[in-house]
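Note that the chains take the letters A, B, C and D in the order they are written out, and that residue 1 is the start of every chain.
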Amino acid sequence: MHVGKSTSLYLPQLFFLFLFICNFLLLSLVYAQTDDPLLNSEDSSVAIPDSELVVVAPVTSLIAEDYKYDDGKQINLSWVPSIDDQLVGSKVLGYRLFRIIDDGKPELLAKLRCGANSYSDGKLKSESVYSYYLEAFSKNFIATSTRTVPISPEREWINFDRKYLFLLAFIIGGAVIFFIESARRGKKLFVRKIAGLEAVDEAIGRATEMGRPILFIPGILDMNDVQTLAGITILGRVSQQIANYDTKIRMPVSRSLVMTAARETIKAAYQTAGRPDQYSDDMVNYVTDEQFGYVAAVDGIMVREKPATVFLMGAFFAESLILAETGNSVGAIQIAGTARPAQLPFFIAACDFTLIGEELFAASAYLSGEPKQLGSLKGQDVGKGIAMAAILIGVLAETIGTAWNVEFMNDVVRWLTILFTTQ
Amino acid sequence: MTMVDIGRLISLIFIGGGLLWLFISGLKGKEVDRRIIFLFIFLSVATPILFPITFGEKATPVVKAVFDKVESLPEGSRVLISFDFDPAMAPEVQPMANAITRHSLTKGHKVIFMSLFATGQALLTQSLRKVVGEEFPELEECKDYVNVGFKAGNEGVLNVIVTDFKKMFPTDVNNVPYDSIEVFDGIKSCKDIDLIVSIGGGMPGVKEWVLFVGDPGNVPVAAGVAAVVAPQMYPYYPEQILGILGGVKGAAEYESELIKNYPHFAEMDTPALRMMGPQTLAHMVIMIFIVIGNVLFFVSRRKRRGK
Amino acid sequence: MKKAPIIIMALVTALFVLSWIFKAISFQGTEEHFILSGFKYTLAAFLTLAIFSFLYRDNPFYKFAEHLFVGVSAAFWMTMGFWSTIVGNLIPRVSEDLSHFFEVPYEPASRNLFYFIPVFLGILLLMRLSSKYGWLSRWPLAFIVGTTAGFNFVRYLRSDFINQISATFIPLLVDWHGIGHFFSNLSLSSVGQLVTILSNLVLFLGVFCGLIYFFFSKEHKGAFGAASRVGIWILMITFGASFGYTVMGRISLLVGRLTFLFKDWLELIS
Amino acid sequence: MKREIPLLITFIVGVVLIVSVFVPPTETLGEDFSVFFDIIAVFAFFLGGGNLVQSHFSKARKRQTDWGYSIVTLVGFVAMLTIGLFKLGNPGGISAPPTAEGSLFQEIFDFVIMPLSATMYSLLAFFVASASYRAFRAKNREATILLVAAFIILLGRTPFGMLVTGWIPESFDILQIPNMAIWIMNSPNLAGQRAIMIGIGLGVVSMSLRIILGIERTYLGGDD
């Protein structure tokens, strides 16, 4: 069945077999040793005279290794379980792991179940030296393993476990920057129409004609959420239009920081439009951090002030539909956008236009119309191209690999999975 | 006819008649005010709360499989029911645990109760007091059922009891030693148990029971899980899990199957069926509204085209 | 004209008092502060009904509930922010005296100076109140925006991009034993081979076409346009399905509220 | 200057945080910065709370429409803030958690905030119905697909799905509506969710870069 190439895959198995045999020899030695009555009598707590002594072998090949790519905080331990630790009729009841710091007294670190063969000790200090040993215990016997060579966790400066993450970030980030640059130099770029954003002008115009305010809701999360950030950047573009048309904007927010940021943004827009005197801080109001308290207030504003246009741009949760339905009931044109997949259906159902996920983040670039901003959208498409290519190759290779057991294809899948797995 | 029946009848006639009237007035070209929809939703939820309405849930094959298994086991079989859930999950899955407990005890099976969740033990005690204590007062603890309670260790517990039950549970919760518990006669490990029912959906839960006990010990495992996790369990059905109760609906299906086979259960508490009343009626009303909306849409479009 | 609101107001007040009396009577004997308990349950029920009244239309009761909600909850979160972040997180790291004052354990550590950065930035933020130095408040904003952008850059790349791609490496032919075996076992069983294969195929094509829909820099025409159309359909199924699936949970919420009214307040059902 | 320094701060902080992911000694920087964020956000409360008080106060003073309700907000706000900050009516005194069992603060939460919040949330049951009545109409192909998918799932969640299609034999049971509903959730629904998520990942990467590089700077205000 196997092609010549795959013989290399036997190597680990052979190595494992070798290890196993070595261990077995070692174990039998230790086993013989624990039969020694002297050794047993040494530990008085172990010997229980009235019942039969259940002697067990200790664990072997206990190795302590520095976890390579960290700040010098973690040591990984691995061992081969005691041969008396078996799935059926195990004599070993469990293990106790001890740690010695800087030649101090041994301290119990953890109790482990049968079958355990590894442990990660975190939150260590790179200045200290650590050594470990394990006890395997039966109901009346304790077998102690050899101590590990003392080591200290080391601080690494670069995490090579994340090299593929870096590679992908580099390629996609690089593509975005490349297309921004090339657009800046005057290369023409095509960007398809996004219906929701095409409608922005019209929606603002409508509010102007009707003499009613525009309501802008930036979601209910704070500035540390990237969707709120997207909402604020869109606000930047929208408020420029609003300033040009001299329409009224109303923006209740549920976070104080968002209030501050939104005020700066709108103020800047009015300055750019040459109407700084028209701006007032009253355009943006803080309501409350409480999710449904905010919703109650916004619903109230909607039915009382009857905005002509409502923008819902940012992170929304359950309130999405309450807001969108109330907005709909007062006859507002609603343009919504969120990157929360669970809330998108409600916006689709109740709003006139919805920006789906990626479109929300692309919106401010699209609305700006500046070539360099549009260039970044082209960069995103490179990322999509990579995703599609990877999925296509991955699916085909997986299909051929599993259906006809083609080893090369399985290797392709393995390699792709490593590339697209993050640490 | 009791007052409840009359109330139920009047409300249902009101809802049904109202919908019909809406449809007819819609055909005449009137728009439906959304407040009328609100009113119908309110009625369809409030009516079943005030006057309990239960719909004949017909068990889906996944649920029926569990019921049939309990039903087909000979009297005196050992059934293990594990309460693997915490109070947050309880409203959804505790009705399942109660229904299966009732069914097993009625069939004369000997039931072993346990929990892999620390907070599950209190819920287990609650169920025992309510179901066993009140509905099966003639049954004796240790002889007809046993409560071994919670043991820490997650799948480690399972790893042990698949080969040796006594090792993990030397006594029951009341410190009665294993060997003097009649239920455990002839039971050495989980392999001697005829059916394992894991109710939960978190970690550890159904998946661990399948991987650590069901598969290695070749013991049939049935599952009851919250609705959100149910889709993740389907890959195990029917090879590794013989049947699944998913969410309130799964519990309601089991309860209705129970009533179908043992009519006297209709008198007892059936929380899942009760919960399904408002759900079903409201879903129905929403679906009828969708249909009305579409019919009216097509009628008005035809009229417009006709002009 | 003006009579109707006054009558309604009086009626609601009377009902409130009546409910208070009845609830107090029903709590008598079981609770120590039965008059207070009666008030609490009546208040909760009144506020519940006030919110529900919004479904009919905006009205003074809703306005009252809404304004009360805003004031009380804003203060609630500010208080929580003060106790948990300032007293719980900041003070133990910057001041021993204040730690003693608030009875929180002081945590001396070398990195504590670090925590003066946010305090400094927070004070700069308050410069917003001054008309002369208001521009300084942009520094903390710039810091926050930079943090959000930098932090989420890698986070989203990982969880939403990379992990979703590797999760889609699925075989199109599941449990494949040749074409003959496939046809001889052909069935539409939900756990059968055909359905499983179909599932994976739909998953693969769905992700693929969905991504094509999101392409910005290529016109959606021809084969590309057709694929993008399929992408929209998949998205529509997604939205329809998620919508339908959520309905049940939403109704449970209403069941919860009505149960409170019928059971805890009116005691109509047991 | 007023604009350059903030841009520089954004650039440095953003780049440092991206790089920190690959450099173990700075790996926890992201977490540290979120603590910073929380602290700055509490300072911002002064601005937010101040704005709340000021706007309602001026509304009440100017006797604008509905000014009486502004007084309700003000009274509620001041009362709750006083109770919370001075831990009035808290059996444990100043060192007890503000939400201690039986404290006045917690009581107000339980009997005012909780019912209001839960009721507001439960309005969704009504809005879900009115939205589906309006939106689920077979106006065009896309809307029809939306409608059909939603309808199958709705049917699958009620006894009627089984009632109507329960007779279909097991070898064709994908055609039973409850099974079809599960299939839709697991297959096309999952595909759509994934496509959306991959797009979101790219959107965030690109927007973050625009912000860090200072191409997107609307949030920083003008040059005054």
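The criterion applied here is as follows: contacts are C-beta pairs under 8 Å (C-beta built on N, C-alpha and C of every residue); 3 or more make two chains touch, one makes a residue touch a chain.
The shown structure was predicted, so the numbers you read here are calculated from the model rather than taken from an experiment.
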Interface with most residue-pair contacts lies between C-D
Taking each chain's centre as the mean of its C-alpha atoms, give the chain farthest from chain A.
B
What whole-number Å value describes the gap between the mean CA coordinates of chain B and chain C?
28
Rounded Å distance between chain A and chain D, as computed from the means of their C-alpha atoms:
18
Between chain B and chain A, distance of the C-alpha-averaged centres to the nearest whole Å:
34
Distance in whole angstrom between the CA centres of chain B and chain D is 31
Touching two or more other chains in chain B are residues 34, 38, 41, 45, 234, 279, 282-283, 286
Going by the contact rule already set, what residues in chain A reach two or more other chains?
165, 169, 172-173, 223-224, 226, 229, 257, 260-261, 264, 286-288, 290, 292-293, 296, 304, 341, 344, 346, 348-349, 356-359, 362, 377, 380, 383-384, 387
Check each residue of chain C and list the ones that touch at least two other chains.
51, 54-55, 63, 65-66, 69-71, 73-74, 76, 78, 125, 128, 138, 141, 144-145, 147, 149, 151-154, 156-157, 161-162, 165, 168, 204, 207, 211, 214, 235, 238-240, 242-243, 246-248, 251, 254
Per the touch rule, the chain C residues reaching chain B in their complex are 55-56, 191, 247-248, 251-252, 254-255, 258-259, 262, 268-269
Per the contact definition, I'd like the list of chain C residues that touch chain A in the complex.
51, 54, 57-58, 62-63, 65-66, 69-71, 73-74, 76-78, 125, 128, 137-138, 141, 144-145, 147-149, 151-154, 156-158, 161-163, 165-166, 168-174, 176, 204, 207-208, 211-212, 214-220, 235, 238-240, 242-243, 246
Once bound in the complex, which stretches of chain C touch chain D?
40-41, 43-45, 47-48, 51-52, 54-55, 63-76, 78-83, 85-86, 89-90, 102-103, 114-115, 117-119, 121-123, 125-126, 128-129, 135, 138-147, 149-154, 156-157, 159-162, 164-165, 167-168, 187-190, 192, 195, 198-199, 202-207, 209-211, 213-214, 231-248, 250-251, 253-254, 256-257, 260
Could you pull out which chain B residues touch chain A in their complex?
34, 153, 156, 159-160, 163-164, 216
Of chain B, residues touching chain C in the complex
35, 38, 41, 45-46, 49-50, 227, 234, 237-238, 248, 275, 278-279, 282-283, 286
